[in-house]
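Handing you this structure, nothing more for now.
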Amino acid sequence: MLVKEVKYSPLNVELIRKDFPILQRLVNNYPLIYFDNGATTQKPLQVIEAITHYYTHTNSNIHRGVHTLSRESTEAFELARKTIAAHFNIKNDQQLIFTSGTTDSINIIANGLSRSILKDGDEIILSAYEHHSNILAWQLWAEQHNGKLKVIPLKEDHSLDYDALKNLVTAKTKVIAITHVSNTLGLVTDLEKVKKVAEKHNCILVVDGAQSAPHMKVDLEKLNVDFFVCSAHKIYGPTGTGILYMNKKWLNDLPITKPGGGTIKTVSFEKTEYAEGALRFEAGTPNIEAVIGFAAAINYINRFGMEAIHKHELDLVNYAQYKLSGIPEVIVYGQNPDKAAVISFNVKNAHPFDVGTLLDKYGIAVRTGHHCTQPLMSILCVPGTVRISFALYNTKQEIDFFIEKLKKVITMLM
Amino acid sequence: MLVKEVKYSPLNVELIRKDFPILQRLVNNYPLIYFDNGATTQKPLQVIEAITHYYTHTNSNIHRGVHTLSRESTEAFELARKTIAAHFNIKNDQQLIFTSGTTDSINIIANGLSRSILKDGDEIILSAYEHHSNILAWQLWAEQHNGKLKVIPLKEDHSLDYDALKNLVTAKTKVIAITHVSNTLGLVTDLEKVKKVAEKHNCILVVDGAQSAPHMKVDLEKLNVDFFVCSAHKIYGPTGTGILYMNKKWLNDLPITKPGGGTIKTVSFEKTEYAEGALRFEAGTPNIEAVIGFAAAINYINRFGMEAIHKHELDLVNYAQYKLSGIPEVIVYGQNPDKAAVISFNVKNAHPFDVGTLLDKYGIAVRTGHHCTQPLMSILCVPGTVRISFALYNTKQEIDFFIEKLKKVITMLM
Amino acid sequence: MSIKEIENEIIEEFEIFGEDWEGKYEHLIDLGKSLPLIKEESKTEDKLIQGCQSRVWLNSEKKDDKIFFSADSDAIITKGMVALMIRVLSGQPAKEIIDSKLEFINKIGLKEHLSPTRANGLVSMINRMKMDAIKLI
Amino acid sequence: MSIKEIENEIIEEFEIFGEDWEGKYEHLIDLGKSLPLIKEESKTEDKLIQGCQSRVWLNSEKKDDKIFFSADSDAIITKGMVALMIRVLSGQPAKEIIDSKLEFINKIGLKEHLSPTRANGLVSMINRMKMDAIKLI
């Protein structure tokens, strides 16, 4: 049950915690222990201040403006694009499109592909792990076009069955849309294996990075997939923005399905010529504030480096799994060593809702329920799980307190 | 050239200005005069503080959560929905859907209608005023379905030719999508006239309220159109959110075209049951921060009331138009008395870009260019205009300074 | 006993715990455990109130001029809350049920469980109880 | 004169204005007015550099080993900037043009006009000048 051995790389967590004002908060008279980072992370002062600074000094609509505020806002926005592109090692920052989040990004991809590559009767492969956001857009297409969704099954240890994947692909398989890290189980997809299959059969590879980008170094140049998406709010940034990375070949080939002010070169009622590059896909006034806040978040985590964060979080996962394994009533799902900062478990004969409700009484925020992965719940045959997920500000002491209270909760429920 | 006579309703603008920290800023060594409110408004401290408070006390993902932060966030979010619904007099707050802005809202409507009501060869009526965001989504549909866009032309005085509208409608006309206030000319659409035509011919009426909602009382119960959309960032709120109001009859009838986490009741790979009410359309983690900030903005303007704001702004428009009429080199477009807080003009023989560039040197922020209304520019036969647009914090003194400097700029350019 | 009287009884019962929320919840859980509130075979689709996470089944019947409820839930805390609600409302005249405010929930310090944003089906259950009472009159 | 020498000449020319930006801009506008930089009939689509608001037309020719530019714009401030650029680069050897940094723009206090987010086509014009120089070598 031990996750890949890693050396403890000492983040100065005590100092880091000072950057997150909400961590000072009491919940039900206990200090907040925030283990719901998979849903959204807390925001450091640096992000909050970037937003405040933007609104008190620079706020203006971007692009096309001749006045100073507009120029400064545009520069801040485009600098944010460069900052975030560099973080993900995207060589041409025009391949980085700002959307309103992962879900929006996936919809833009699915709608675009459904107007170009996808033909009636085609097939799309997903994994049994997928978040609803990476199921529904494809399902909607499939329903309207007699398409088929095929699902990569799980093995005994809840990891993906890559051998089965090979057998799922047919000549009609156009897209493989897969999560990089399961938001429910924390298991990491072996993208190299998936890529091999995708390349061999000429499938478009769409990667849902909502849960990988917060926890590990993601090098998109090296990864070289067709599409990669994630949300800012899960990476210490504001709500309401996220990214849609597309491989260069898609920049001018993916049909525009969400047009608006900003996406165009020239418009007449008869004919519209669309812009080139990222603007093509950024319809309407973007979430300027959030994009600037997102860049501040990226600058913040890069003070420490994704490697250090990854190690710190894996250390917490190891520690928590070790401690949980000492409680006989607890079942942990997804017992494969290749794991990011997420653990799902249940208490035998107890509903996750009860466990979560009582933990909250001790100030411990965990997520319970289906985590927007109902198909996975069906496979695991549970109504839901209790999920704890970590961020760079979490500590072993918090885990100790959590374990102590979990034991108490179990005795209350039994 | 005088706009409808109104009594001056005294807003305490001096006090109001203290709420907007950015107004203290110097631009090119002059105090900022911000006349670009049509593009986006500045934000009061109350909005900035709502955001800061959210991130320092409450931040958490909403819906489904059992822990305290999640409950508090959900309550704040749903309270915001109620606040904003009440402001627009929407009786059932489930008819108020949060999107990422006007452009997003229009795309959701157009995509939904294209999967239900709209058939190949149908016709859609727009006005000659439309912002690109209310053209492109319909044009995209028309291109793919052999549809036709018809355009309500302008009269001599640049107001819409409502008689012509009657002749545009045919049995194939399914939608009339029209702006409530022209973002370029400030002219107000007579929605009652349009509604009569729409009702008579059973057309769906979509109203782009991006420029009306900031400047006048909008009562959606009374207006009783099919759809109404606007953006928070133009109403003193944050970027990245806006509303999509739909008449009750559409709530369960408009097909979902942007699915994701949150929009569902149950999901399996075979079949998905969608949620009811607003959630149906709110795919993915919403822009929680911005929705809460938007409600703070709405609460802020309701301290004064839309009537007082409207009167103040009309007074400014009257004053500015009067002053502009004293400069022989200036041509004002849209000389109809029914006007909101926007004025477009040009200086004879000068490019708007030059005028805007030089005004900026005096700290005056105006917008120049096509204002995302290129078709209107073609009709007016200009490459662009200079646009000044007001908000509740603008003053006659600012207009005086602007007029003085505009005269100076004209001598420089001649 | 009237609704008000039962409510007061419950309030007194919970007062013993004072600030001891753990005791309170243990009591609630015991209430939840104590009775299977609805027969397994009655847990049909039409009786189900789907919360986001925990589910509630509600069965309503009329006997003489009174409405009788039985119910169940898959989560034990929800079930405890359900048990309290049944104790207060079951066997009461329809009109009383419809007019009931259920203020005891607030007074015994469990208000948060009736938050409409809570992931259980309790708020929907109360609505259903009242609707059923209206229908059965 | 070399590029560097012309740049220095322009810097000196603008130094007279000191902090007087109005004087500076009047001078720029005069430069813009002073010459029709490109023949009307040469303003063809392929010569057009579309900025977001103001447009620039650029014509490039090679004579002996040097590149000669003529250009125009519909906005007078842009045109003034264009005039400066032409004065510096036209008639210079291709290699010099390609390597030029055009730092004088910064030094005479008009840097903002070369911001890539500016709504004119100046940055694209400089890129086009260099590309043309490369092609014409």
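Each chain carries a letter (A, B, C and D) given by its place in the written order, and its residues are counted from 1.
Heads up, the rule we're going with is that a contact is a pair of C-beta atoms (placed from the backbone, for glycine too) under 8 Å apart; a residue touches a chain by one contact, two chains touch by 3 or more.
Model, not experiment: these values are computed from the prediction.
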B-C or A-C, whichever has more C-beta pairs in contact: A-C
Relative to chain A, chain with the most remote C-alpha centre: D
Distance from the mean Cα position of chain C to that of chain B, given in whole angstrom: 46
Between chain B and chain A, distance of the C-alpha-averaged centres to the nearest whole Å: 32
Gap in Å, rounded to a whole number, between the CA centres of chain D and chain B: 39
Touching two or more other chains - residues of chain B: 28, 64-66, 353, 357, 368-369
Touching two or more other chains - residue numbers and ranges from chain C: 52-53, 119
Residue ranges of chain C in contact with chain B within the complex: 50, 52-53, 112, 115-119
Residue ranges of chain C touching chain A (in the complex, touch as defined): 21-22, 25-26, 29, 52-54, 74-78, 119-120
Residue ranges of chain B in contact with chain C within the complex: 62-66, 71, 74-75, 78, 265
Residue numbers on chain A that touch chain B, as the complex places them: 21-22, 25, 27-28, 32, 34, 36, 39-40, 42-43, 47-48, 51-52, 55-61, 64-70, 100-104, 106-107, 111, 115, 126, 131-133, 135-137, 139-140, 144, 149, 151, 231, 233, 238-241, 256-264, 266-269, 272, 283-290, 353, 356-357, 359-360, 363-369, 372, 374-375, 378
Interfacial residue positions of chain B with respect to chain D in the complex: 28, 350-354, 357-358, 361, 368-370, 383-384, 408, 412-413
